[in-house]
Amino acid sequence: MNRPGSRLAALAAGTALVALTLAGPASAQSSGPIKIGVIAEATAVAGSSIPQAAQLAADEINAAGGVNGRKIEIVTYDNHSSAAESVRAFQRAATQDHVNAVITSYISEVVLALEPWAGRLKMVTVTPGAASDVITQNIAKDYDHLKYMFHGYATSTSIADATCAATKDLLVGQLHMKSAVVMSEDAAWTTPLDAEYLKCLPQIGIKVVDHIRFSPDTTDFTPIFNKIEGEKPDVIMTGISHVGVQPTVQWKQQEVPIPMFGVSSQATNSSFWNDTNGATEGVLFQGFSAPDVAVTPKTLPFVQAFSKRFGHTPSYCGYTAYDEVYYIADAIKRAGSVDPDKLVDAMEKTDFVGTIGRVQFKGKDTPNPHALKIGPDTITGLMLQWQNGKQVNLWPAKVANGKLKFPSFIKIGSAN
Amino acid sequence: MTVFWQILIDGFAISSLYALGATGFALIFGVSGVLNLSHGSLMVAAVVAAWAAGDSLHAGPYTGAAIGVAVGFSLSLLTYFVVVSPLQHTRKIREEEKEIFILTATLLWGIMIQQLIAYFYTDNAKTVAPIVQGVVAIVGVRTPANEIFTAIVCGLAIALLWLLVNRTRAGKAVLAASMNPRGITLLGVELSQVYVAVWAIYGVLVGVAGVLLGMFLGISSYSAGPLTASAFSIVVLGGLGSVPGALIAAYVVGYLETLTAYLISPAYRTIPALLLLVAVMYVRPRGLLGRR
Amino acid sequence: MSTAERSHLEVSGLTKRFGGLVAVKEMSLSVAAGKILGLIGPNGSGKSTVMKLIMGIERPDGGSVRINGVEVCGWPSHRIARMGAGIVFQHSRPLHRQTVLENIKLALLPDKLTRLFADPQTDARARAIAARVGLSGVLDRRPGTLPFADLRKIEIAKAIARDPQVLLIDEPFAGLTAKETAAFSDLICELRDDGRAVLLVDHNVKSVSRLVDRVIAMYVGERIAEGSADEVMRNETVRRVYLGGAIEIAARPESSFRDATTPFLEVDKVSVHYGKAQALEDVSIHVHEREFVAVVGLNGAGKTTLFNTISGLLPYAGDVRRQGATLRNSSAAAIARGGIVQCPEGRELFVDMTVRENLDLGGQHQPPEENATQIEWLFELFPILRERQGQAAGTLSGGEQQMLTIARALMMKPKLLMLDEPTLGLAPVILEQISKALERLRQTTPITVLLAEQNVTFALPHADRVYVLEHARIVWEGDPAKFAAEGGAGYL
Amino acid sequence: MQPPTTARLLLIGLGAVVVASFLPLWASGYILGLLTIAYYFGVFAMAWDLLFGFAGEVNFGPTFLIGVGAYTAGILDNLYQPPIWLCIAAGTAAAITGGLVLALPALRLRGPYFGLTTLVAVLILQNFIVVDAHLTGGEIGLTVPDVISISDTTNYLIALWFMAISGAILFSLSRSPVGLILQASGQDAVQAGALGFNVTKHKLTAFVISAFFSGLAGSLMVFYLGSASVGTFIDITVGVQIIISAVLGGRRTILGAVLGAIFLIAMSEALRPLGDLSNFIVFGMALIVVLLYPNGFFGLLTRTREDA
């Protein structure tokens, strides 16, 4: 009669013990190294570059003497692409490992889940790859509370703008295209993107003949492509991230005679060529960086260092994460302290030329504070194309390293 | 008019894929009453294996496909011997509770496979190098040769299965076992052997279905869950344990999805199929051709 | 009619169809307070269905069920229960994680969601009931640890917890030893003496004759006789149903079989339990090569259990030997391949397959050409099967299915053919055909047959020797001639 | 060997909770955050176990109830910012309604059919949320402006005592007369009916109770996390976690579910450095327990076995 009771009692203590074993020694505060937490998706191609690039930057900075004599230490957490796990990791970073800033995730769901926590735990947090406009809109709504969040990557809207700018020069200017079909996955992040497409495309003389939104878990794209073929547009403006391999492969298989152009997050991965068995030949996709495009003097050195150390080129988040470590360090230096509020002030004054361009954040009173400024004199973005296994940049002209080139089944101007 | 043909043709390919995927699933349930929730993971494993073979070993499409099928096959047997068979024989669990335990166990097993794949090959979507390329025009519909190839292979595989089951002694025994396991024992057939045979057949089917899926659409380790769910619902819709039912259901679902994608909106592709399923559940809980 | 007031249970014109089959037809019965009615009939006679219909577990297609004059026909069973009917199921499934006491308390609980705490007297009442059925000793034990008889007592206790005036008991004595049976009978009598109306459902009159005031005998859904136990036992129709008509026999003396020393099949002191229920108790039988042995006994006596034990489908104590070699370690399939083939009571046909396919499956262990000749021979034996070749087995009539079952077994070229209740639910004319076929087998082939039957007239003409199985034990052994005199007596 | 009595178990449970209440004195905010989530999952798992272990219904869609509750509360707060308790009440109510809508027809089905229906309910909900992004925030999730508290300790204690109270209620319920009837209905509906119990009524109640706690816990968790997303509340994998917690902890024990939940979360956290291998290992361990110790942790601890 007695045993099981006592066993249970033992368990009660055991429960607490489990917790204990997880608790490491709390580390020192102001002296010692500056800690930057990196919460990212180790098994996703896009995410896996984030901790690597951050580490690279940290090592470079430390080699150069660190920040105010303090070394930078990168603490990484794998979030298994899950928002819930990210929150737990974030709590650990802040209250257990006492990091001074966090770089996290390319998934908007994760970043948005962390945003309130950044506010609660007063933790300067920067995302290297999420695109949702909501992140910065939230900051605008509740600046005092959420000002610790910084959007280190372009918002959907500004990505659409960058794409339009490229469309103007490449498709309208060079190929005299007149019509387009907007094809996006039906998801929250594409809502502002599509809205901006529909606004800016007509302004540059492209008629949007149809606007297709498909379920993100679509596997069979034949119906969609058939429909588009029927409408005979000059180009398909894409807004895809959750899917990428599937539509690309089926576009090739079905030999859709219309080029795909626009946002295709998966296409920015260097592994995309292999994942699609080369089906991506000729696909155009917007980006802010590419392995052999010297966007700034810093880009190529970074890519070389990165490839040398990790054996493969960085994902798009790699570039931004690398820059983020630098400008966080820079902000700490300027703030002369790691106090969150001081750090935020310094971050807001960031003016830093990184691997993807000149980094400046929009001000407190803009509709989306702490978003990157996108434009000719800050970050222009690129328009790349897959050409036999390589990502070739076509736009803007001054950093282009190739010419438009389409596979044989593409019929340019088939409409007219 | 062309829309009609488009729906007819596209629907056929995707439906055939569903059919192939679900057949094995139904067979297993029919014979041993096991719902194998690691189904999707096995398919994904086959695809990734085929892809990896092409990617890292530079194997040709045929070799790649072969390797994929082989992996599906061996994993299926592994599933049976490591997870299912022990639970079927244990005395620790009351018979009436074994169902939930086998469900849970295969579920866990599936997740383990999925995690392992993600760990080694990331969760990116993968596509298997297609065996045939190019486009063919059928009644004015430009159709990828691969789509036709897929449909044909599925057809062949199902036909072969049919022959195996109806024209060979071993196959007959399996079929009989699915109708009346006790009867077949009394005729001197070892059920344990039948089970192994069934899991072997299932393994091949899963492998083939997976590889075709990988060539035609491409899948990632995330697809494991949805794949299981779709097989599950198709089989229930057709009537648990009835292979013909599963076939019919597969085409119903496939065409319903294609219709929705064409005529309503690609955004709502899956919803009508789900609703139909629920409706059938309530109107005819045994499914279309359900026996049990 | 005036009985309506007096009798607690009043059933009239009760009818139930399953698809085409009429399971219960225009059944009427009435049980008055303080009386016990026995409802008897062989398997498939519909007696259990009647009970389920009364209790509302099955939905009647017509008729009336009155409890204390209240029409409850078609009500859900929980409402009928509240009207004062209780049922004791043959198979008990108590709550395994609860103690005996808790199991009894369960039955005392009101059907309320708000009742979060059992009211204090519940416990006392539960204990009282337990004492009454003789469970006081084991109140805090878990059902899993109790003998079968106690499990049955728990069922009774649960059934009487709500103090029902109408008590239905399904096969009260199935699986009980003689001693337990006696104790159980007394308990039932007490319940009657409380002024309850008790309906006992069982296979044969004998087991309940001590208790019942009146007996109704059913056959294929209809009442064939009613009266006192003796009357019913003497009733011609009943005798025919159970014993069949006059018995002619053609036995060969046991000594005439050359393997007299070690018989082909020996079942040696075999005991089998279903959970706690004793299904076979020290059963020993033997069958010589080429001999035709009949095991007669009523449903529930253990015939099927015996066969399944021989076929290796059940775990058992004791030993089963084939030509002196134990079968303990061989799988059911191996035993069948070894030539001991069973035609199961349930037939176990592959209903969606054609007759021919079923036969082929039987012959799958032999080379095709042998099968061809074998099938030819079987079509001689059962001509009807030839016509039905291409038809799905499920669509055959009962008799044809039975023939197919036998034929399928014969496809395996068995040394020993075990026939379990081949006559079950078959029309006399079909029996005739099957009987002829068996005789033909016996004459023309070296086959050994072990036949389990409750229909004695069918069994005896072929049998060389007869065993009588009763309540899991062999109670009589001898040749058919003696059976008519001794064994038959008290068989009903 | 007899398992401990209801009162005794509750006492020990209370002891454990009291001990756990003092954790904030020395455990870091991270540990607290970890356990906070674990406790909410504990409630999910207990609610599931009531349905499976007692009513005998395998609900593959616990996240349907949770999701409906969580999102209703979240959306309400997002749109109108009423007082939080109102949102939570609304979420709970919605979950109960959802539970009824699902259960009324679904209870006519048995075994895998019932399971599939609940599974489909989850898929449909998921589709709806992704498609109606303007209302639900879609796949990137819904940000909730208000939170109950931003203090780790407060959140921790709320979760802890919420779990403790839910556990006490559910556990006593399971051992109360109603629980007894429920168990009887789940085990043998025919017999339960013959004993005069309205089986459907009782199973429906079980479903509603399960929905109540799932919805309530879901709503509370939204206001702890400050955001709701498919990945955290609705995804099938979340449901899988819940089911596994319950089976691991020991089905038909209610309290065991909590152990299962804490184990799963603590484990996956402790093994985080291993990346995706961690999940592989955690689920591997779970599989081993299922294969070798079908009675789960609680079974091992209390030696509760069905027959012996």
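Letters A, B, C and D name the chains as they come in the text, with residue numbers starting at 1 for each one.
By our rule, contacts are C-beta pairs under 8 Å (C-beta built on N, C-alpha and C of every residue); 3 or more make two chains touch, one makes a residue touch a chain.
Only a predicted model underlies this, so the values are computations on that prediction, with no experimental measurement involved.
> Hey, which pair has more contacts between C-betas, A-D or A-B?
By number of C-beta pairs in contact, A-D is the larger.
> Taking each chain's centre as the mean of its C-alpha atoms, give the chain farthest from chain A.
C
> Could you work out how far the Cα centre of chain A sits from that of chain B, in whole Å?
A distance of 36 Å separates the two centres.
> When the C-alpha atoms of chain A and chain C are each averaged to a single point, how far apart are the two points in Å?
73
> Whole-Å distance, chain B centre to chain C centre, using C-alpha means?
43
> Would you give the residues of chain D that are in contact with at least 2 other chains, written as numbers and ranges?
Within chain D, residues 2, 127, 131, 275-276, 279, 306 contact more than one other chain.
> Mark out which residues of chain B touch at least two other chains, giving numbers and ranges.
118-119, 267-268, 270
> So which stretches of chain A touch two or more other chains?
Residue numbers touching two or more other chains: 43, 186, 215.
> Taking all chains into account, which pairs touch?
The set of touching chain pairs is A-B, A-D, B-C, B-D, C-D.
> Which residues of chain A touch chain B once you look at their complex with the stated criterion?
Touching chain B: residues 43-45, 48, 81, 186, 212-215, 217-220, 222-224, 226-227, 229-230, 243-246, 249-250, 253-255, 266, 269, 271, 274-277, 279, 409 of chain A.
> Within their complex, state which residues of chain B touch chain D.
Going by the criterion above, the answer is residues 35, 83, 86-87, 90, 92-94, 97, 99-101, 103-105, 107-109, 111-112, 115-116, 118-119, 225, 229, 232-233, 236, 240, 267-268, 270-271, 274-275, 277-278, 281-282, 285.
> Help me check something: in the complex, which residues belonging to chain D touch chain B?
52, 58, 105-106, 108-113, 115-117, 119-120, 123-124, 127, 131, 236-237, 240, 243-244, 247, 275-277, 279-280, 283-284, 286-287, 290-291, 294-295, 306
> Residue numbers of chain D touching chain A in their complex, please.
Per the stated touch rule, the residues are 1-4, 8-9, 12-13, 15-16, 19-20, 23, 27-31, 33-35, 37, 127, 130-131, 133-134, 137-141, 143-145, 147, 150, 152, 225-227, 229-232, 259, 262-263, 266, 268-270, 272-273, 275-276, 278-279, 301-303.
> Please name which positions on chain B make contact with chain C in the complex.
Residue list for chain B touching chain C: 169, 172-173, 175-176, 179-180, 182-191.
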